[in-house]
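Look for subunit A in each of the two complexes below; its partner is subunit B in the first and subunit C in the second.
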Partner chain A sequence: MTAAAGAFRVVEPADVAAATAAHAGEPGSRYLGGGTDLLVNLRRGLGTPALLIDLRGIAELDGLACMAGGARIGAGVTLARIAADPEFRARYPALCEAAAAVAGPAHRNVATVAGNLCLDTRCIYYNQSEWWRGANAYCLKYRGDVCHVAPQGRHCHAAFCGDLAPALLVLGASIEVAGRAGRRRMPLAELYRDDGLAHLTLAADELLVAAELPADPPPSAYAKLRVRGSVDFPLAGVAVALRAEEGRLSILRVALTGTNSRPFLLDGTDNLLGRPLDATVLRHLDRLVQKQVHPMRTTLLQSNYRRVAAAALARHLAARLAATPEAAR
Partner chain B sequence: MNGTVASRDWPRPGVPLIDGIDKVTGHARFTADLDPCGALVGRIFRSPVSHGDIVRLDVSRARDLEGVVAVVTGDDCPRTYGVLPVAMNEHPLACGKVRYRGEPVAAVAAVDAETAERALALIELEMRELPAHYTADSARAAGAALVHDDRPGNLERAVHHVFGDPEAGFAAADLVREVRIDCAEVNHAQIEPHAALADYDPATGQLTMQSVSQVTFYLHMMLAHCLQMDESRIRVIKPFVGGGFGARVEVLNFEIVTALLARAAQGKVLMQLTREENFLTHRARPQTAIRLRLGMRRDGRMTACECEVVQRGGAYAGYGIVTILYAGALLHGLYAIPAVKYDGYRIYTNLPPCGAMRGHGGVNTRHAFEVLLDRMARELELDPFAVRRMNLLSAPTRTLNELLVNSYGLPECLDRVERASGWRERIGRLPRGRGIGMACSHYVSGAAKPIHRTGEPHAVVNLKLDWDGGVTALTGAPDIGQGSSTMIAITVAETLDLPLERIRVIAADSAITPKDNGAYSSRITFMVGNAAIDAAQRLKDILSEVAARKLGVRREDVYTAAGMFLARGSDATAVSFEEVAKAALVGEGTLTIKGTFTCPPESQGGKHKGGAVGATMGFSYVAQVVEASVDEDTGQVTVHQVWAAIDCGHAINPLAVTGQVEGAVWMGMGQALSEETCYLDGLPAHASLLEYRVPTIIESPPIDVQIVESHDPLGPFGAKEASEGALASFAPALVAAVANAIGIDLDELPATPDRVVEALIARRRRARLKSAQESAP
Partner chain C sequence: MHQDQRPPSRKRLVRLCLNGRWREDAVPDHLLLVNYLRETVGLTGTKTGCDGGECGACMVLVDSVPMPACITLAVRCEGRSIETIEGLSSGGSLHRLQRAFHEQLGTQCGFCTPGMIMSAAALLRRNARPTDGEIREALAGNLCRCTGYVKIVESVRAAVDDAP
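On to the complex of A and B.
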């Protein structure tokens, strides 16, 4: 038996405006997609919202379209649907590989794009039962004063562990957000900040409506470091998009998840453009990754391993992509 | 061999488990599926600290909460309990002191889960904390706080056994090598979480208990002991059980707590533990540090073995004494070793108590042993198969520690997996990053000496034959998914020459079935199977007598075939089983026949202290080859294929044997690759199926199972155990495959990617150091 979650009400708004209105009426409420993150956390006593706003009946959030001018992915589209979509697989393979790498098949059948992009940050001291956290004087992220990962600091190091974000980052995604104040668009990177306690820049009443991708994406791929080939969250996840012209890199974007409190595009890859993807460039890439990832003891596996192996994954992916005919033009 | 088998053609496919369809269709009712109508919800309040004295425990506010029907504490059960009569040192609810984080302190029964949860939050506990010890080293250090006041040095049990002359053995060796191996603690992670339904009838003072137990008789006994009730007032029923693997071979605190709550509430209480609580209840394989030394001649023959084992036992005794004894006893029985010295130390720590787990006691020492054997073979440039063949036993024999070996199919197991895996053609010829490794293992077919020496037979089976011509086998043996009820049906059917469908098995209900010691140490097939054959043979004798009268022939001329009784020499004269059954009931009524089995005294072990542990009627033997690849950048180990050959004496149900071997290999793979517990100051950080990484179907390789039949003279139809032996050879075969693939010798289990990368980094560091030293002037 799982511990009982606190009591809450559920409403099922018919459109986005009704959803944000419902939120305004109950400011502590939470938006619910597939529930594979939120409900698990609520059962562990992480949060006690009085109201859940179930977004699954909103048609606008359910669209998935691959058009000449780009692609639009409704926030409520399931990961299984993305992973299996032939057009997306052909144009945005990193995204489909990332979607297919999330948890297990049963999760992917209900888990949504927005749910994965807005996944709560994770930590071995946080994702535990109420009894466990209580016995440990709670933690900085929830009900406590100390980050057990780095007790000296006043910063929460919980790691962002969504798989989709790095794929969408290297593909140049932007997102559409709706709130009581209206709608706005922004690059996906601006959704995040490097703070395990508050890693999303959304206002409490805001929800994700869609992600949009530009047309003509460079070849891309996603790889996930984990102990098991299923179920596990990423110890590190790496997405790469790459193009080479006449053997020289013209596009190189690398993004990471699982290592920091936000997913992020690797800085400094532009300095490698114009060069062939040889051993020296790969060594540079390795160094860039190792420098910018900050894995902490938020998982049971060693941080140093996650750093070293994340860099290795980035090298593998880049080398693999560069060897494909699609990468050259 | 006991009993005769109707058909011995090979290959026999075997039959699906008789309760298999109920399980896969969802009809089977597990404890949590039982009728909760009118049942209160039981919940346990657990200690937030690792070690401390209880200064104040106030449950009054919980008791006063509306909807709370009962609250119990340690005061409600002043008696200690435990599986071993010599080490009953646990309270179902802490009395005065707690010894690990998560130890039950109080419990509530309420009208619903939410109320129970609220009641837990109202319990006030004030503790005086004591220093806590989370490693065996820290618990053994001078001045360490004592987990139990009567165990100085936190030593639960030390074992010192010497057989033969180790000193002379090492002196005669051409190569002596030593390893230090560390195996992380693992857990059974059985899929069905713990649950119990206790129903106390205030009118009659009777308690009916349904639980996930593997040992319903022990549960019955301990409930009577702890609740101070007359045994005859208690009935224990085992519903369908979703896996045990040793998690439930001792009575667990929550079972007694559920019964205490039911009595206090004068009603029915359903207790369902969370996965986290399952991990807190634990009772699994302890973290083990092993120092092992072997002496070997140039030709691969072993001359001596010296082994020191330290087990981090957790806070209570449980089966601990048996575990530390098994770890030494099972150094014997697989190979011929002229001298063996064993020193074992079982240490109390402030962590959830360890216990028995598939391959009980033998797995980690076997791992160290096989790993060292592999490395020494490499150093001597000998093939690992050849080294095993240099050290074979010759049955029948008795080992140095007086274990009985009447049948020994290991040589054929070796031949089979060597051939099936293409070993000779492939070893040394695989590309870098891919490797093969092999190892052997064995396991007992039932502990020959029972824990409680009552003078009763070791197994009893009753058969009921009634007017409908159906045979009902009544057994106390709990089927927990291993297929024991199917095994009983087959042994009865084959002895009586009846179709399987005519046999019904009713298992583990103390009001109906004869007492049985339970599902542990792989005892059921050997002991209960023999008792079932004995009962069926007795029934057959009676029916043959009746058939002889009906056929008008002498008793000795009657034989059976396919549900018929026939007269020898005149095949035309036959009478059906149904007719004979009806005739047998005339003047007698329903027939009830009893069969028994008692382990022969020569199987019950040596006279030395602890000599009963490891003693058995026969061992299963396994040889295993693992093929794996290693990604040197990410440290990922991928298992591509496993070949396992088991000598199970005789496969009563080949399909079930194959399933059990696959399960054992797979469980060994979990321990080898990814499973481990991790405590942060005594808090289990691993206590979910997300963090405790049981392999998924993606990690599951094809497993080629070969069955070798050595026909044990004492076994039922010649059978021995088939469920545990294959576990222990997986990990060493995998570690050998990793060494073969990338030249890295792993000294720790599990071989997680971070450990592999760490070992690779360490090797590069050593190489740099070496080249720096060489280039230095």
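On to the complex of A and C.
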């Protein structure tokens, strides 16, 4: 028999207030989107919540709107829906390319935007069966007291591997969050911190309501390194947004996933503005990426390969975008 | 498997349409659809090939959309139509996909086959004349350790050409 996912109850609140109230009544409970990450982890014994709060019936989380003033993406919108939306594909291509590159087609039919943004961090010593982890004395991230990747330290280096976050970061996304204490907005970057054990800054009872994007985005693109072209998490994922005026860079934003415990916007790209995207600038960009990614041995692939590949992806995407007519104006 | 000390979760009645027939069962909240199908109902055509939604052996159709049954909760199927490999043949004759997989050697050990066929069935329902690229894309979440995939794509192609 397939391992059960634990012995939790499931509730289906009708609105956001009822969802956060359900959480208050059962503090260890977890929000459930498509379940394509959470149910896998629960099946492997990673967590034993008593209650799952199914967000699928909440109409407010299901809106997807591209308006003159910007776009609003409900937390519960599925990746298949966003990948296929013609307006989003035209305006925010990096987001749609990233959504289309998540998992397999069946997963994308139920996987949600919020589930992707709140994806647990990953490591070869963590994403394993209970039996496997038990035989290996568990690890710091769950039930153990040593990190097998960096045994000297007391830090977990599990990598954040969601594909959507870097795309939303270069597009300037902010998020709306709701909890018992009320609602708040913040830049998407503030959702994350570089800690494999606790990579989200949300309070336990807080849930994502929506992501918002500014209008008039620069041209953008997303690419990821993976072992198989079909179903695989990014070993390094890169999003770039770029604009050039009279041949000189006026916007250059690069964001990465799969290499650190949080997705992040590359620092220092502003210093390259005002220059043409030539070989020298690409070399600088390469160096910036290689300096700021910190891939550890959390995957079967060598860390240094992931570092070099992340930089190469950034260069390729930037060069490709700069060559498109949309990038110039 | 992790041993949980808590009491089992409550059961509730779930009504769903399985291979064209409505039925109702009392299931615990945490029951996975694959276990519901295999243990509660006794339909073992849907396979379990991995422990994490990775292989597609458990693929079934939920309202005509393919979904790995091993990461779907049975209680989330309330009011929905579920189709498994057992529902494809009718009146003792094989579905054209089943026939094609048999004739074109699209199946070897057979473990991935029910999932492959369910993903392919969903594709043919929304796109009667898919290209080879579209066939590969639709089967991207189904892994096979035996055939090397070439014979699988050829089988789906043969089923397309065999359309009435």
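Throughout what follows, the second predicted complex is superposed on the first by the 327 of 329 C-alpha atoms of A that agree within 3 Å, B and C clash if a C-alpha of one lies under 4 Å from a C-alpha of the other, contacts with A are read in each partner's own complex, and residues count from 1 in each chain.
As a working rule, contacts are C-beta pairs under 8 Å (C-beta built on N, C-alpha and C of every residue); 3 or more make two chains touch, one makes a residue touch a chain.
Source: prediction; values computed, not measured.
J.: Taking subunit A as the common reference for superposition, should the pair subunit B and subunit C be classed as clashing or as fitting?
T.: clash
J.: Thinking of the overlay built on chain A, is A:I124 touched by subunit B (first), by subunit C (second), by both, or by neither?
T.: first
J.: Of the two partner chains, subunit B (first) and subunit C (second), which one does A:D54 touch, if any: first, second, both, or neither?
T.: second
J.: A:Q152 in the overlay: touching subunit B, subunit C, both, or neither? Say first, second, both or neither.
T.: So A:Q152 meets neither subunit B nor subunit C here.
J.: A:A7 contacts which: subunit B (first), subunit C (second), both, neither?
T.: both
J.: Figure out whether A:L225 sits in contact with subunit B (first) or subunit C (second), or with both, or with neither.
T.: So A:L225 only meets subunit B here.
J.: With both complexes superposed on chain A, which partner does A:A309 reach: first (subunit B), second (subunit C), both or neither?
T.: The answer is first: A:A309 touches subunit B but not subunit C.
J.: If we overlay the two complexes on their shared chain A, which of subunit B and subunit C does A:G104 touch? Say first, second, both or neither.
T.: both
J.: Output the subunit A positions appearing in both contact lists, the one against subunit B and the one against subunit C.
T.: 1-4, 7, 104, 127, 129, 131, 230-231
J.: For subunit A, which residues are in contact with subunit B within the complex?
T.: The contact residues of subunit A facing subunit B are 1-4, 7, 104, 124-125, 127-129, 131-132, 134-136, 148, 225, 227-233, 300-302, 305, 308-309, 312-313, 315-316.
J.: If you look only at subunit B, which of its residues touch subunit A in the complex?
T.: 32, 46, 48-49, 101-102, 113-114, 117, 193, 195, 272-276, 633-635, 673-674, 678, 680-681, 683-687, 689-691, 693, 695-699, 752-754, 757-758, 761
J.: Going by the contact rule at the top, pick out the subunit C residues touching subunit A in the complex.
T.: Residues in contact with subunit A: 1-2, 4, 6-10, 28-32, 34-35, 38-39, 48, 51-54, 56, 59, 65-68, 70-73, 75-76, 119, 137-138, 140-143.
J.: Could you pull out which subunit A residues touch subunit C in their complex?
T.: 1-10, 35-36, 39-40, 43-45, 48, 50, 52, 54, 56, 103-107, 109-110, 127, 129-131, 230-231
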